[in-house]
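Here it is, the structure, as structure tokens.
A, B, C and D label the chains in the order they appear, each numbered from 1.
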């Protein structure tokens, strides 16, 4: 929908018969994509389908095994990112590539063609680009001090300032709230109007039908569909991707039990998040509490406090009514799924060792060592249960794709990991489905609900409002280190939550 | 203590600081790029020895050049071992130091066999800066020094300018603080790191040459006397910025100069106290700078104990 | 020069066989001082056809030196010389296992009585070294004398006391600045800095005994045109330019006597001391430093030596 | 694919080995001797007599113990280079303990009491001295590499002062040293006719203990701590506890070595007591890939190198002793390279190497960077990331 391009004849980036394999894994097999100026081209597909690989090949970051690429009719074969950049093809990777210690200006100068850093020139260029794109971001602050949304926008602006005429965005919305996503899409449309071609990789299929003009669907490295989005809705795209999704299981009514884990009047500080001021929260058995909020509102810190990593300056954390530290909280069967899974998976340990790392918890008596083969069978069974691919317990965790790493982490926390008997009594989950495809995300949401049905107290923090509304019984909104809204899910409308997340208070405090 | 004594102490401090500053500026690049060079002591002494040999043939300036080159070559070896062959950085650094100390002593013994008088070369000497040198107090402290002292100051400014105004400076900061993002942005991290290490090695060699050709005029085994390790401390103490490094080096050498010369007054402490003083104070300063840094990121997650 | 009185004349006469000597020194043999004294003596004796030898330097750590001594002994060397106090323990401990090999060990004054049947002990008279150095420094007419030493070690302190005594004997008017310790044997730069500082405080002569640090002292003093005493040739020609003299060991007479004893089968059971009298301690020819040093210095020194020899002057 | 990889490996190993030989030969020729004699001497240096073989073992003991007790610290990413100073302090306290005992009870003290007292005093001294940088790191985030490096100098000062004052021998000595220990305080000889002493047994015990430890959860927690401090918190380990405990273990080991050096070799305290074993120990720990068996082998190798280099000098006659240091440096460099080619780079520095595994970028776009070795200097840093 949206901007109907006026110029169909501008620069066209074409890539045909793109193939790439990593060892035995075929990431891309004879894929074709055509990116036109002034249009948003979405790439969708489940985890590991090859989206990022394709994007990286287009941007010169990854070298294809085989590809025929051209810009207009000129052959295009970038050796590295600099080549692509010089030809106006630029990418904002899934994992942002801004150097945190440097400002946006300096990030721009970092790979400028000139050896002497012309700051004023770069600032002028950025300022101009900012105003063109209608964005307002501090270009002189270290990017690490910017919020997630601003960093995302900042990197886009830097790419534009570098002369990007085709801009590839790999999951830019994964960690943004609805307000920010709305803002981002407005900017993208503005860019399209200027003739920029945009490639948008995303898992949120409703975004595709909202903002994209064309869509390529990848499945296991093959492009199973390609064409305009006109007439396609999210359901149809999902069908193209993975076939029919199972209907979400009907929700059974749950009994809300005792308070298991609570934070009482907590004040705490941390590096990037807002500091918490007098926050109280109680997690009850059988209840799913959702926390919404834009990045940097303090959710991360609250999670850290609840998991026992941060000792509050004032206030305390009580597990079953008594104060507890991180290891007590683990021993009390609290599952922990952090926003950054890299905090929780040990990359150079095997997937199997990662799965039962809690065997090493202090004070937990190691059960008799099961035999290796037996252990491996258990691990691989768990990996299959949680759809971790490949379900091989001996490869290092770093060998899994991002989505599969996430599944591995969930398998440990909700599956067989916690010391003692496995089932969690509390689940602390931050963006538990981020980076997952529809089916996998759905499976994990079902898991969380199942946990609650078995009597666990579940906390889900997410930037994805839809997700929270789908699973939570109660929704809290955090803004600037405070809980500003606390509503039963029935009363929580997207509008109310969205404005609370943006800091617009309507007077109703919890 | 008399005024002359203080003048001597300060003038001595500046002279002693020169090699520390020169090597420190180099190591500053290395550490900014996220690496550490434990071979710096070895590179310094190789520079010191090579410089004397070259200077005895072709004069002190060629000596300085040769010393620089020796450090550079050692850095090339280190870069190949650590960043191409991926050997452990700490082991290789220690090996380079061992090698440098051994090789310089060995070649020295072959060069000047027993019974032969050691070779002296003309040193760079001091250059009084015209009338400035006659200013009371300041003159003898600042303006009657070796040209190498002035060169070190120029070097400091140059290093500052490189870090501040060039793409290379930005790339070093990026590679050091966030190599993954830097690589993703298209910075060739290995190349940037290698360049930093080569600069570090060359300047370490020059620093060694500064000791022999710049001030003593001859070589004796072990002449660098652990200064390489001091440089490492000074760089961290100075938070890797040129100005900080200069201040750190000056503090250390002031203490050393003070310990040396205040012995000649009546204050009677065990001489070991004087000798350990610079290291102890460096450690204390390190505590304060680290603590300040901790404060700065006060927000840092306070992990419960 | 006069030899040690233990040598019998006929011993060298029938020494047709060449003695094999294994020797160890704690430092570098080109240090122009203690270590080099032995190296030079051995080289000279080899030139004379009396010995063949092997010399290992940098043996100050007993952990390294003991196996080397044992090696020499087991390879059948006739005489093993451990030159330096660091080697004393190791020599004695190896010598027990090799009663047929001859050893020499060095140490302080008290080692003289520690000899055994196959170990002769050796030391040198550090009071004479200090006194004569001081005497020379005094004779130069210097009024403010500074001293730069490596580390505050007992023997350094002791030698220094005799140095002061020597200065006062030659020139009671002279004043002495307190000793500056560089804190290292090698740190020439620190020594240079210390020397410059002393000169800044008015020193017109600087005395040193260190090895590596002498290079720093000599360099700083000579570029300031200030006299030194005690700078070794290892510091380089330039540093020697303003060095008046250096009192040093001459190991030739001592080692020669040992070799002759071995050849004659009479080795063992005694200790010897290097002294001015027996030629084991010598001083380098006086450098008048472009006329800064009075011309009669050599004469006065010779007078002192005579007085020391006949006992009319004693060092307390 | 596999073939080319192997070819590269062989080429590197061959190249490095040829480089070592060429450098050594060149240096020997420079001194006017024959490289073949040098090679013969290198071999004979460790093998030609029981005594020389004993020396190989004597040299292995301190390096191996230091390296072994560094395993926990290095696994946890705590990079202490303070062994040198801790050995020194351990030697001082051991000496003080032994003389204290002698002064208090006269000559009647039986040997085992001396040994236990020396060992305990040494270990306590080294351990206490290691806790200082640990405290600085925990409380004020002072980089432990630098603090330990600086404290080495302070230890040297303390040693010099002690030898000049309260521990000085009564004899008039040129170099500072303590009095000779009572005979019963000496570590007994293990192999007659050599200097090999019972310290060797300690190496075996410590290695065995660490092999057992390696399989414990404690070890696993440290490994997790090195790369994932938060997860380690959940496992029950804290930064403070990790730093204190691992530094303490390495300090105890180094202090014990201090005692072994005075009681096993010199029978008195001397200025040269540490003699570089601290730095060699670190190199050996890393060369041995932080595995006890690997470390013992690496320590034997390192000691053989030292003995062999001396033998080389002895065989060539005219070559200055510094050649030993050169050869050690060259071979250490070469072995570090070869070890790196042999193993996957991650394995060598397993505890600390962590090419950040994030998102869907397993090998990291920065595969050109040396993720393995560059960023493990301070654990403080890895925590600050949060």
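Criterion: a contact is a pair of C-beta atoms (placed from the backbone, for glycine too) under 8 Å apart; a residue touches a chain by one contact, two chains touch by 3 or more.
Chain-to-protein mapping (UniProt): A = Simple sugar transport system ATP-binding protein; B, D = Simple sugar transport system permease protein.
Note that the structure is predicted; figures quoted are calculated from it, not measured.
**Q** Tell me which has more C-beta contacts between its two chains, B-D or B-C.
**A** Ranking B-D and B-C by C-beta contacts puts B-D first.
**Q** What is the distance, in whole Å, between the centres of chain B and chain D, each centre taken as the mean of its C-alpha atoms?
**A** One centre to the other, that is 26 Å.
**Q** Would you mind pulling out the distance in Å between where the CA atoms of chain B average out and where those of chain C do?
**A** Once rounded, the distance between the two centres reads 35 Å.
**Q** Measure off the straight-line distance from the CA centroid of chain A to the CA centroid of chain B, and report it in whole Å.
**A** 46
**Q** Hey, what residues on chain A touch two or more of the other chains?
**A** In chain A, the residues touching two or more other chains are 61, 93, 95, 270-272, 308-309, 326.
**Q** Pull out every residue in chain B that's touching 2 or more other chains.
**A** 105, 109, 180, 182, 184, 221, 270, 272, 275, 297, 300-301, 303-304
**Q** Give the residues of chain D that touch two or more other chains, as numbers and ranges in rising order.
**A** Those would be 160, 164, 233, 320, 322, 356, 358, 365, 384, 386.
**Q** Report the complete set of touching chain pairs.
**A** Applying the touch criterion to every chain pair yields A-B, A-D, B-C, B-D, C-D.
**Q** Would you mind writing out the residues of chain A in touch with chain D in their complex?
**A** Contacts found on chain A: 47-48, 52, 56, 61-62, 93-95, 270-272, 307-309, 326-327, 329-330, 336, 338, 340-349, 357-364, 366, 397-403, 405, 435.
**Q** Okay, in this complex, where on chain C does chain B touch?
**A** Per the stated touch rule, the residues are 28-30, 32, 36, 39-40, 43, 57-58, 146, 151-152, 177-190, 192-194, 196-198, 200-202, 211-212, 215-216, 219, 223, 233-240.
**Q** List the residues on chain D that touch chain A in their complex, please.
**A** Those residues of chain D that touch chain A are 217, 220-221, 223-224, 227-228, 230-231, 233-237, 346, 350, 353-363, 365, 384, 386.
**Q** Where on chain B does chain A make contact in their complex?
**A** 164-171, 173-174, 177-178, 180-182, 184-187, 297-304
**Q** Taking the complex as given, what residues does chain A use to touch chain B?
**A** 61, 80-82, 85, 93, 95-102, 106-107, 109-112, 114-117, 268-272, 275, 304, 308-311, 325-326
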